[in-house]
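Here subunit A shows up in two complexes: once beside subunit B, once beside subunit C.
Right after this comes the complex of A and B.
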C-alpha cells in the first residue's frame, strides 16, 4: 500500500467521525448538554480567545500547561538519561536503584497526590514533582534497558579495534542505545502530558487540565470538549516533534 | 597492483588450555575445551575445522582476549593475553558494522580511535576501499549494502589497523555459495601480500582446504584437537585447479573420515 493512500484513508476516517459528530449535534440526536456540536465548540474557542476562561486567556492556559509539561520533561530527560545509562553499565548501581524504580514506575501517580501536597504544598512545585516523577521513571528504565540490550558482538568488534572504556561508551554503546533511548523519551513525554491533568487537579487557577476540570463542575461541556481537543492535539504535536527528531538523529533505525 | 600490504606477524600458542562454562539450564558444567595444545607460526594461515559446538569459537575468544582459560596458557609471541586489543583483528560471522557510520567511517574506526591523523589513515582507507571493491560506496550506510559487501567492509575495517594476527569466526558462513567463493579468493589475494598470521574457524571443508596452510580438526564436546593436517598446495592458489588436484581429493577424504565420526558423536551428545 502506498503511504500517501494510507494517509488519505486516515484523513477520511477523521472527517467521517467529525461529520457524524456534526450531524448528531445538528439533528439533536444527543442532548446538547452532553454533546455540544463542532460549531458550538468552535464558537466557544473564539469566545475563550477573546474573553478568556475565568479571567485567563485561552492562549495563557495552553502556554501554562505546555510550559509545565515541557519544563518537567526536560529536567526528567537531563537527569533520567544519565542515571539510566549508568544503571545499564553498572550492575551495582542498578542493584541499588532498581527496586525503587520498579516500585514507583507502575504506581498510579494519582495515589501520590495527597503526599505530594503535604510535602510540597499546592503551588507549582508539587505539579512539577508529579510530572517529573512519572516522566523520569519511564526514561530511566528505558535508558537502562537500551544500554543493556547493546549487542555483545558489536562491543567485541569495537574492542578488537582497540577502543578504551570511554571510547566504547561514547562511540559504541551510546549510539547503539540511541534508537531505544528515543523510544523511551517518546513514551516519557506522552506519560508526562497525561500526568499534567493529575497535576493540575491540585488546586490550580490556570492550565488546560484545570480548565477542563473546572468547566465540568459548571456543566460547561463545550469548554470540556474544547479542552480535550486541545490536550489531544498538543499531545500529538509533542509526539510528532520527538518522532521527527528521532528520524533525523537515528536515521539508521529499523533498517537492515 | 604489487604494493605489498605492510604487516608484522605474530605467533600463537595454546598450552594445555581447558575452558568450562556453567550451563545454567542444566545446572552443570560444560567443558568447551579440554587440554588443547597448538602452535601457530608467523605468517601461517591456520583453519580450525569441526562440528558445531566443538569449541572452535571458544579458541578464538580466548586468543582475542574476550575470555580467559580455566587452566593452561594462551600466548601471543610468548606473552600471555590479558585483554582484547587492536594487534589482533577480528572478523565475525556477522559483519557487526556500526550502523550509524558510513562505510568510510566504519573502515577508519580503528585508526580514529587510536588518534591517528586523517592524512595518515585517509590514503590507507582509500586503498582498502579499492582492494575490497567498495569504490563508490564510501558514503553509503551499512544497511544500503548487501551481506557480502558488508563483510568486505568488516575485513577492511580490521585490516586497516594492520594487526599481527587475524581471528576469523566463520566470516563467510552467512553468505551464499557464489559470494562465499568470491570472498575466499579476495581474502587470499590480500592475505598473500600481507602474510598476516590467520586463525580461521570454519565448518566448511572446502573452505579450509582452499585457504589453509594447516588444518586442525576438532572433536565434539569436550573440544580437543584430533588431527593436524598440512595442506601444501602452492600459492597463489586457484580454486579451479586445486579442486582437481589428487592431493585435494586425498586430503578431503581424510577430513571427511575424521569429521564424520565426530559429527555422529556430536549428534549423539545433542540427543542426550
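Right after this comes the complex of A and C.
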C-alpha cells in the first residue's frame, strides 16, 4: 500500500510538471526560444520521425547512441569488474593501479577530447574510448571497494572452515561483494550515458548527443529539448534494466 | 504527509517560475561593464583590446568574452551574457531567424580570402573532392561557403564525407591524415598549409555566383535601446582601429600577433584576406543601404539553412532589412 501510494505521488509530480510546462508555453510566460512548449516539441518529434534530422532518421540517431554507449559499457564491465576485483584482493596490484585510477577518474572527460582526437582520430574509436574510460574507471573503483568491504570476520570464518582461495572467492567474497558491485555498474552505465554527449562532440554526424549539439548551433531549442527528453528517458530505461537484473541476480541483497 | 509533499512541490515550482521570471527583468541604469563577444582571431579591433581604446571610448569597462565558434556566441546572446558581438553571416542569420532579439549594426569585414578550402596535395579543385573527407566548422560562414562551393560545382553532398569539427580538432585530424580537406579560417588554415595543404578555393571566388560571406557586429536590442550612445561610440572606436591598421599594417600585425600569441605570418595573411569597407561604403546602396546586397544575401543564407534542415521555412522573414539598423553607423560618421 505505501509503495503504491509513493508511486502515485511520483506520477502525480511528473504530471504536474508537464502540466506547468504546458501552461507556461500556452500562456507564453516564457520566451518559446528558451522553453519550447510540449506541443512544439511533439510536432518536432513527428517531423524528425518523418523526415529525419540532417538526413538521418530519429530512430537511427537513437540506435547509434544506444549502440555506442552499450558497446563501451559492456567492454568496460568485462574488463573493469575483474580488474577491480583483483585490486580489491591484492594490495600490490592495488598499489600499482590505484594512482592512475584515482588520477583519471575525477578528470573531466571533456578535457581529454583534444588528446583523444590526436591519438585515436575522429572515427568511432575515439568516441568509444571516451565512454569506455569513464565507465571503466567507475566500475573498477566500485568493484575494488566492494571486495574490500566484505566483512573480515566472514572471510576468517570461511578460512577456518578450510576453504581454498578459489572457493573463498567464489562462495564468500563474490556473493558478499555482488550487491555493491551492481551499484557500481549501475553508476557506471549512468556515467557512460552522460559521457555520450562529450563523445559525440567529436566529428559525429549522427547520435542523440550530436543532434543536441548541432541543433544548439542554430538555437533550435525544440530539437534540443526533444534530444534531452530522449536522452533522459533512455538513461532511465538503462538504469531500470540494471536494477531489474540486479533484483533477479542478487536476490539475497539486503538480507544478511 | 500529503500536504507537506504538495507544499514542497509548490515551493519547487514557484522557484522555477521565479527563476524564469527574473531572467526577463531589465537591469539597472548605467552599464558597469560592456561585454564583447569575440573568437580569438586576428582582427583590427584587437588593437583596441590590446591598448584599452574601447574602455576609454566607451567610458566603461569592457569585458572580452571569447567563444570557440559563432554557435556558442549565439547561445550567450540569447541568454543575455554578451552585449555586442562580432558574428559570422551564417550565425547572424540563424540568430535573427530564431528570433533572438539582436540588431545587425555594421559589417566588421567582408571575407575575401581569410576563409578558404585547404586540401591535401593531389586534390586540385573542388570537383576532385568527390569521395574525400572534408571538414568544416558546423554552423559557420565556412560551412556555408563549403556548401555553396559544392553547389556551384554541381557536387551532391552525399558524394563526399562531410565531417563537422571545431577548427582546433580539424588541425589534429589533419595531422593524423583523418581528413583530406577542410574549409576554415586563420590561423588554422595557415597551419594546414604549412603542413602540406594547398588552397583550392577562397570564399571570394564564390562572390561571382552570388554567395556573400562576411562578419558583422550585432548588438542585443535591449542593450542598444538602453545605451544607444555606447553603440555609436563603439562603432567609432572600431573605425579608429581599422584606420590604424590601414595606416600601419605591418606595425599593427606585429601588435596583434604579440597580443594574441599567434604567428605573425598567419595574422598578416588573415588580415589581408579580409576587406574592411568604410562606413560610408557600408551605408551606400552597395552594402547596407537601400538596395544593398547584404539583406538579400542574408535571405539566401537563410534559405540555405532551411535546405540543410537547420532552420524551418516558417521562421524565415520576407526580408532581413528590418533587422539591419544603420542608424548607429549614421550617427558614428556624423
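To be clear about the criterion, the second predicted complex is superposed on the first by the 254 of 256 C-alpha atoms of A that agree within 3 Å, B and C clash if a C-alpha of one lies under 4 Å from a C-alpha of the other, contacts with A are read in each partner's own complex, and residues count from 1 in each chain.
In the analysis below, a residue touches a chain if its C-beta (ideal position, glycine included) is under 8 Å from a C-beta of that chain, and two chains touch if they have at least 3 such contacts.
Note that the structure is a prediction, hence the values are computed from the model and not measured.
Partners subunit B and subunit C, brought together by superposition on subunit A, fit side by side with no clash.
Contacts of A:175 after superposition on the shared chain: subunit B is touched, whereas subunit C is not. Of the two partner chains, neither subunit B nor subunit C is touched by A:166.
Measuring from the middle, so to speak, at the Cα centre of subunit A, the directions to subunit B and subunit C differ by 150 degrees in steps of 10.
In the superposition on chain A, A:252 makes contact with subunit B only, while subunit C stays out of contact range. Taking subunit B and subunit C in turn and counting the residues of subunit A each one touches, the greater count comes from C.
In the superposition on chain A, A:153 makes contact with subunit B only, while subunit C stays out of contact range. Contacts of A:10 after superposition on the shared chain: neither subunit B nor subunit C is touched. Here's the short version: in the overlay, subunit B gets within 31 Å of subunit C at its closest Cα pair. Shared interface residues of subunit A, touching subunit B in one complex and subunit C in the other, do not exist. Interface of subunit B with subunit A (complex): residues 64-66, 83-86, 88-90, 92, 94, 96, 98-100, 109-110, 113-114, 141-144, 154, 157-158, 161, 167. Against subunit A, in their complex, subunit C makes its touches with residues 2, 5, 9, 13, 16-17, 20, 23-24, 69-71, 74-75, 78, 91, 94-95, 98-100, 135, 138-139, 158, 162-165, 168-169, 172-173, 175-176, 178-179, 305, 308-311.
By the touch rule above, subunit A contacts subunit C in their complex via residues 9, 13, 16-17, 20, 24, 29-31, 33-35, 51, 53-55, 113-114, 117-118, 121-123, 202-205, 214-220. Chain contact summary for the complex, subunit A toward subunit B: residues 151, 153-154, 156-164, 167, 171-172, 175, 178, 250-252, 255-256.
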